[in-house]
């Protein structure tokens, strides 16, 4: 994924609005807005929905987590090959709702490389964002946990954390794509994020819980087109 | 699931032999043997394979784990409704490779009841087997972790742990179905398990890693028919 | 500890009011009230304070947690022998702020028996209280997490959970002592707890954060004398 | 602690040879060797032994772990103020036997700064060593988990991991002291470690489990004097 293109990634979390058939429906709506606007969009549904969703859309599909394990006796864990076999393209890692031990982030990123999955590692502050960049993931997503789900966008409430993250990340990694997230709910928030030097955004409730997700996405995509 | 019928449950763990398309193939083979032998069989594939497998077979399909959460902001977790929406019938809980906090087992079993999923709670010894029975799951599976994957069957190596578990479980719960597992690899092991008072077995590598899983299953099913 | 005597156990948690020298001071005050009132009292200070506190008082001293490990390469863990060597008499286990996997509770209780430590296993509801009783600890403490730290006493807000726990515990274990806790802040709460069939209470902020902990304890002890 | 002086830190883990009174005895022996040789030595005993050990020696005493919590309702956790009140000077963090989530390492290092404790963050490889250096701890200890307890010293078995770590750490942090550990058991191992550009070593079984720990320490200290 080239750094010059904005990327909007929608995390479905475990919202009922994005479970089972509703995950497939939502994925199609998001794909449609992405296609019509010409902006790159992606989605991260639940594990049990991955295969169905991946079979229904052509946009990049991400798992929400990956366990740092290899094939074998690991009942109840998430295997990289299994995500890949479901037709997904990548995975989130270290989301603040599913935080990982540092050594496990490093191991999980290595597994994504071996399996050909795109890695998006989340980080709650600038130091952590730089730290995870050292494992050379494809993308880092800066998400201050205190703003997640608040509707107060990181890019407007705390732009310093974004610019500081970009600065600290670039000192150690010049190629990783940088997303930001937490509280993103309007096109303005998206535009502000891109102006701060990010490649895109990670959003969840702002889209998934919206009465009309496709309208929110259209707003985001329009802003993204201007922001680049 | 009535207690009088033997039940053979195959845990796919995260074996490559049971990932993606190979999960679907293996599921069909197991279903075929179950149908031809008239013995109840079930399978527990990985989360990402649940929907595909459930769409391909009519035997009971189980998840390998369930997180004690409700719908919402729980990135990377396993929601009961999501397992249900994938077409699965139940879930394993507290496998020794995915152990749960006691309060979480209790919560997860309650969630399976609310969602209409069959719960199979694993336990490593007789005291723990009785303890989890108090949460009133549908089935308890006794699996001494030290025998898992060894090929030395619990029902022959340590029959006392099985009979002791049955006794301790029945003191607190008269209806829960009782499986036993760990090291099961021959029909004799299955027969021995049923003779010890269990309703069936939980097996993994003994079937999944076998050169011809269908032959092992046929052997198990024949023994199960005799053992009831 | 005989079941016929009331027992009041004060959990110091990680309150600054009960850290370092202040832990020793508080321990002495609690001991003094216990001695003058003739009621059995005990305390559970932080690990780093255990040895100092145990050397300063003669009442039973408990650790707040124990890891299910044996001597060896376990950096940063809590070894039973180390609690014992510090002069402590027992340990809390499975507090809702330090919940344990079920198999680990069973293992930890076994370790307390081997080391000669008194075990107090916490449980958030009646089913869990009965479940942990199967591991045969010395005491079970019923603490509904939703009432902890609220000042609304379990024995008055939710007496049913206490009586139901006592009933369910006694079905599987006739000898374990039963404490109850959460929200206990007055002598009346203590009296009510004993009248519900418990042997005593587990309390934390109600004593530790009180302006005059010795007065609260005196109130508790008076109520305990009446309640037996 | 200045970077120009070699520093030898002995982790007592949960070895019985270093529990209770034996922890105090071992601490004194290590102090004696340090004093007579003029080499800086430190020790990391178990939590329950911290206060006794700190009261018995003048060398730096470290906890083995710190929880990323502040004072309050955190039963069974390790509070920074409690380590400080016990007379300890610092703490290990993220040892491979007590790994931490990345966000928790960052939080715990911040807590050590607020409390005036020296932080020693462990890391299993060069990328992780650089990553934890971004949180600006006082020291980083490189310990490849696969060599821990083997008697095959990292400084001789895998010198590249040490030089690579030093290089990667220095790119992002010019002041952090760098220790290395795992398998260190002879003076030669210590000498090799210092020659690779480290400030000292982290050792455990090589000293604690030795028949005569003071002789091993004397050997280490002699090598350290030469190696600087």
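Couple of notes before you dig in:
Chains here go by letter, A, B, C and D, matching the order in which they are written, and residues are numbered from 1 within each.
The criterion applied here is as follows: contacts are C-beta pairs under 8 Å (C-beta built on N, C-alpha and C of every residue); 3 or more make two chains touch, one makes a residue touch a chain.
Because the structure is a prediction, the values reported are computed rather than measured.
Over half of the residue numbers at the interface between copies chain C and chain D are found on both sides, making the touching surfaces mostly the same. Superposition angle, chain A onto chain D, using Cα atoms only: 180 degrees, a multiple of 5 between 0 and 180. One inter-chain figure worth recording: chain A and chain B are separated by 34 Å, centre to centre, where each centre is the mean of the chain's CA atoms. If each chain is reduced to the centroid of its CA atoms, chain B and chain D end up 45 Å from each other. For chain B, the set of residues that touch two or more other chains comprises 96. In the complex of the two chains, the chain A residues touching chain B come out as 11, 13-16, 19-21, 44, 46-52, 63-65, 69, 71-79, 81-86, 88, 92, 95-98, 148-149, 204-205. The touching residues of chain A, when paired with chain D in their complex, are 94, 96, 99-106, 123-125, 127-128, 130-132, 134-135, 168, 171-172.
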